[in-house]
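Next, two complexes with chain A in common: one pairs it with chain B, the other with chain C.
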Partner chain A sequence: MAKIVSVHSFRGGTGKSNTTANLATLIARAGKRVGVIDTDIHSPGIHVVFGLREEAMEFTLNDFLWGRCRIEQAAHDVTPPAGPGEGPSEAPGAVLLIPSSARAGEIARVLSEGYDVGLLTDGFRALIRELGLDYLFIDTHPGVNEETLLSIALSDTLLLIMRPDSQDFQGTAVTVELARRLEVDDLRVLVNKVPPGMDVELLRGQVEAGFKAPVIGMLPLDHDIARLGSAGVFAARYPGHPLTQGLRQVASRLLS
Partner chain B sequence: MAEESNRGDLDALMSKMKSAAAPFRATLQELHRKYATVADGRVATYIPELATADPAGFGISVVTADGLRFDVGDAERLFSIQSVSKPFVFGLALEDHGRERVLAKVGVEPTGEAFNAIVLDEATNRPFNPMVNAGAIATTDLIRGEDHADRFKRLLAMLGRYVGREVFVDSATFLSERATGHRNRAIAHLMLNFGMIEDRVDETLELYFQQCSALVDCRDLAVMGATLANGGVNPLTGERAIEARYVKDVLSIMLSCGIYDFAGEWAFRIGIPAKSGVGGGIVAVIPGVAGIGVYSPPLDERGNSVRGVLVCKELSERFGLHILEAGHAGPALLDEIRPGRRGG
Partner chain C sequence: MENPRLGLVLLDSPDGAPRQHWSFDARPVIRIGRSTDNDVVVADQHVSRDHVFLTADGDGWLLTVVSPQGIYCGPRKFLSLRLDPRALEGFVFRLGAKGPFLRLDAQAEPACGESTLAHDRDQHPLLVLDADRLRDEVEEISRGDYFRSLKESLGRLRPSRSEDPAEP
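And then the complex of A and B:
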């Protein structure tokens, strides 16, 4: 039975897409078949982290929504090659990305015409079935829109990513309320970009008490991933890095 | 007040998302695919306007008693409500006059005769039930109002409460019904002869033709069914469409007489209150759970939508909906609408 993990932030800039790409990669390294779907139709981006160029996309999620292809035809194998110091990865793990189109015309069409949001449900289920997935990660649009709410409603696990920032606190509270109303059972918070010198245990307590949800991890604000600038999957590039260790812990908690 | 209406918007959005995420969506799509290829049945032709319906048109809608909605296919295609209006007008007559006065004018016995049979109960002169044309004209006669316009407005307002929007009558269908409704005129005059209806026969007949020509789509039928399933309160608007005490009267009649002369077998095999119309619509009610609306114009020889009957039959069998076995046969419908989220 495949698990659907929706990854959401109320505000942009939390590192949502990078974290999703890294967690998906680490779970694939553990031998799982992991789908990643970019439902951030209005501002797609995770394909950049995986190094998938616009020209290399034959079909995208948009093509599926307009009935131009089956959803699995929009899947691209983006499994990052093993990095230095990593052994050959255990087959048959893979990361399969379903990108959204970054073409201005395609984005405009979604805005002007809209689409039946339920099609995404059909698409997710078909993906899991046709690609034999163990996990499906949904990279959602920040804030609240229909794709995001649907992804939350469909998810087995909702992973909320926030920075230790008052605006993020307030926004995350909105998502938590909506997720509770959508009857999500498994809701976890990942606190990202924690600046050095912050009392992490105090912060953890505040988050868990504020949202009545467990904290799955607290990752530091890191210069090396900032320097990479979304030009690759950090965990694949730097498997021994302390940030990768932290990400690996989060991945193993998602796996268990 | 603003807070309250925001709350309503949020509830509607949450409901939309829950239904978009439910596996039941896939079930309806599967049924639609399966039965779209059925080519049996013929579009009704006894009224010229009905003959223009597209035989390929096919929509299925389900609305739950707590307001989740599911649609597949031509769920927004408008068609004339025809006989599906009858149980709802019966409900209005009950509200206007009370049970005993209504039952003095129309019975509650299945006939086994065709829907347009010219036959009255020999002992009482009553039409057998409000689902055959004679009984329906008698119940339309019972709609209160100062004049024709007032009665017409009350009729449309009643339908509007069930569907949750303003309802309109299709003029072409109405004119077509009126020009060719000789049999219904004969039935009305026979009843006038026995004193079963009042002497404003022409007005009542016009009202009856207007009632049959009201435009709905199968989403509307599902909401109407859901309103009855929900004790008379429209689950999408929260508005009461019929007094709670008359809901079971309407549903009993639908179960025993709703599907014309197939009603007995329907009750036996499918076992949920339902009403069909020659426009191709069927409304079915799963009490406490949901309303079903199906639209598909080709009819069987008894005047029931062929695909509509098949869809209701499969839903009933698959989910154990027969009201005499509900809750202990097959997988529960609610499990598929809200998988694993029902606590406990």
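And then the complex of A and C:
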């Protein structure tokens, strides 16, 4: 049975897309078939992290929503090649991305016409079945809207990303409460962009006490990933980097 | 328009020791109040959730008080005030008749990325949660039509889980 993991944050720019791309890659390296769907239709972005160019997309999630293709036809194999020192991966893992269209016209159409959010439910199921997925990661738009509520409701695991910031904390608390009402039982918090010098154990304690949910990892504010600027999957480029080690720990916690 | 850097210093008395300070670069508006979505969050019972907004006005600043508590300069209560750039430095006002004081500081040190500088970690919690606001926001969203229909269709949305014998 495939696991649906929704990655969400109440505020923007917490690192959802980069973290999703990295975790999906690391889980694929462990031999799993991992789907990644970009439901941030209004401001798509994760395709950039995977280096999938607009011209290379035959179909996108938008085409599925408009009835122009089956959802699995919008899947693109974006499994990053093994990085230096990683050795060839023997395992049959793969990352399959269903991008949202970054074309201005498509985004404008979604904004002006809307679409049947319910179609996403069928889409997720068909993807898991047709692509034989072990995991489906859902990258979402920040904040709370119909797509994000639906992806939260559908998820087996909800991964909430926040920065160590009171506004993120307040907003994430809202999502936590909504997720509880939607009976999501596996809820984890990832604290990202922790600046140097911050008392991480104090922070962890506050988050866990505030949300009554486990912290799955605390990742540092890191110059190297910032410098990469979403132009690649960090864990594939820098397999030995301390940040990759942190991400790997999070991935293995998701796997177990 | 590039408005200059502005610093704010929180004080217990007009000439007391600084408790906390903030520095903002080229911000069109700086929101001050007790609730945590403000730019300057002052956790004090005499301060309103949203208390006063500072908006850049040419090279000066406009103070717009959104709390009935007002702000005080000496004994006088104000609901709005325009500060000439020459009057900025060292200008002190009080949040409400009994709240703490804020001092403007035009020569503030640059902020290092974030707007809040020099958080006093030992005295203030790292992260603060406004429980009232949390409850209000959650209630508002969960009363919405979409949320309610979603909740009703949970069994159908997650067929695997609805087979669980343990019904809540």
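The working rule: the second predicted complex is superposed on the first by the 256 of 256 C-alpha atoms of A that agree within 3 Å, B and C clash if a C-alpha of one lies under 4 Å from a C-alpha of the other, contacts with A are read in each partner's own complex, and residues count from 1 in each chain.
The rule we apply is simple: a contact is a pair of C-beta atoms (placed from the backbone, for glycine too) under 8 Å apart; a residue touches a chain by one contact, two chains touch by 3 or more.
Keep in mind that what you see is a predicted model, and the values were worked out from it rather than measured.
Kindly say whether there is room for both chain B and chain C on chain A in the superposition, answering fit or clash.
Aligned on chain A, chain C clashes with chain B.
Output check: A:A153 vs chain B and chain C. Expected answer is one of first, second, both, neither. What do you get?
It touches chain B and chain C both.
Please work out whether A:L182 is in contact with chain B alone, chain C alone, both, or neither, and reply first, second, both or neither.
After superposition on chain A, A:L182 lies in contact with both partners, chain B and chain C.
First (chain B), second (chain C), both or neither: which does A:S252 touch?
neither
Let me test your reading of the model: by the given contact rule, A:V174 touches which partner, first (chain B), second (chain C), both or neither?
So A:V174 only meets chain C here.
Return the chain, chain B or chain C, that is in touch with more residues of chain A.
On the superposition, C touches more of the residues of chain A.
For A:T121 in the superposed arrangement: first (chain B), second (chain C), both or neither?
both
Does the superposition put A:S43 against chain B (first), chain C (second), both, or neither?
neither
Do any residues of chain A touch both chain B and chain C, and if so, which are they?
121, 146, 149-150, 153-154, 178, 181-183
Would you tell me which residues of chain A are touching chain C in their complex?
Going by the criterion above, the answer is residues 1, 121, 144, 146, 149-150, 153-154, 164-167, 169-170, 173-174, 177-178, 181-183, 198-199, 202-203, 206-207, 210.
Spell out the residues on chain A that touch chain B in their complex, using ranges where they run on.
117-118, 120-122, 125, 146, 149-150, 152-154, 178, 181-183, 185
Quick check: in the complex, which residue numbers of chain C touch chain A?
Interface residues on chain C, with respect to chain A: 36-37, 41, 114, 121, 125-130, 133-134, 137-138, 141-142, 146-147, 150-151, 154, 157-158, 160-161, 168.
Tell me, which parts of chain B touch chain A in their complex?
10, 13-14, 16-22, 25-26, 29, 338, 341
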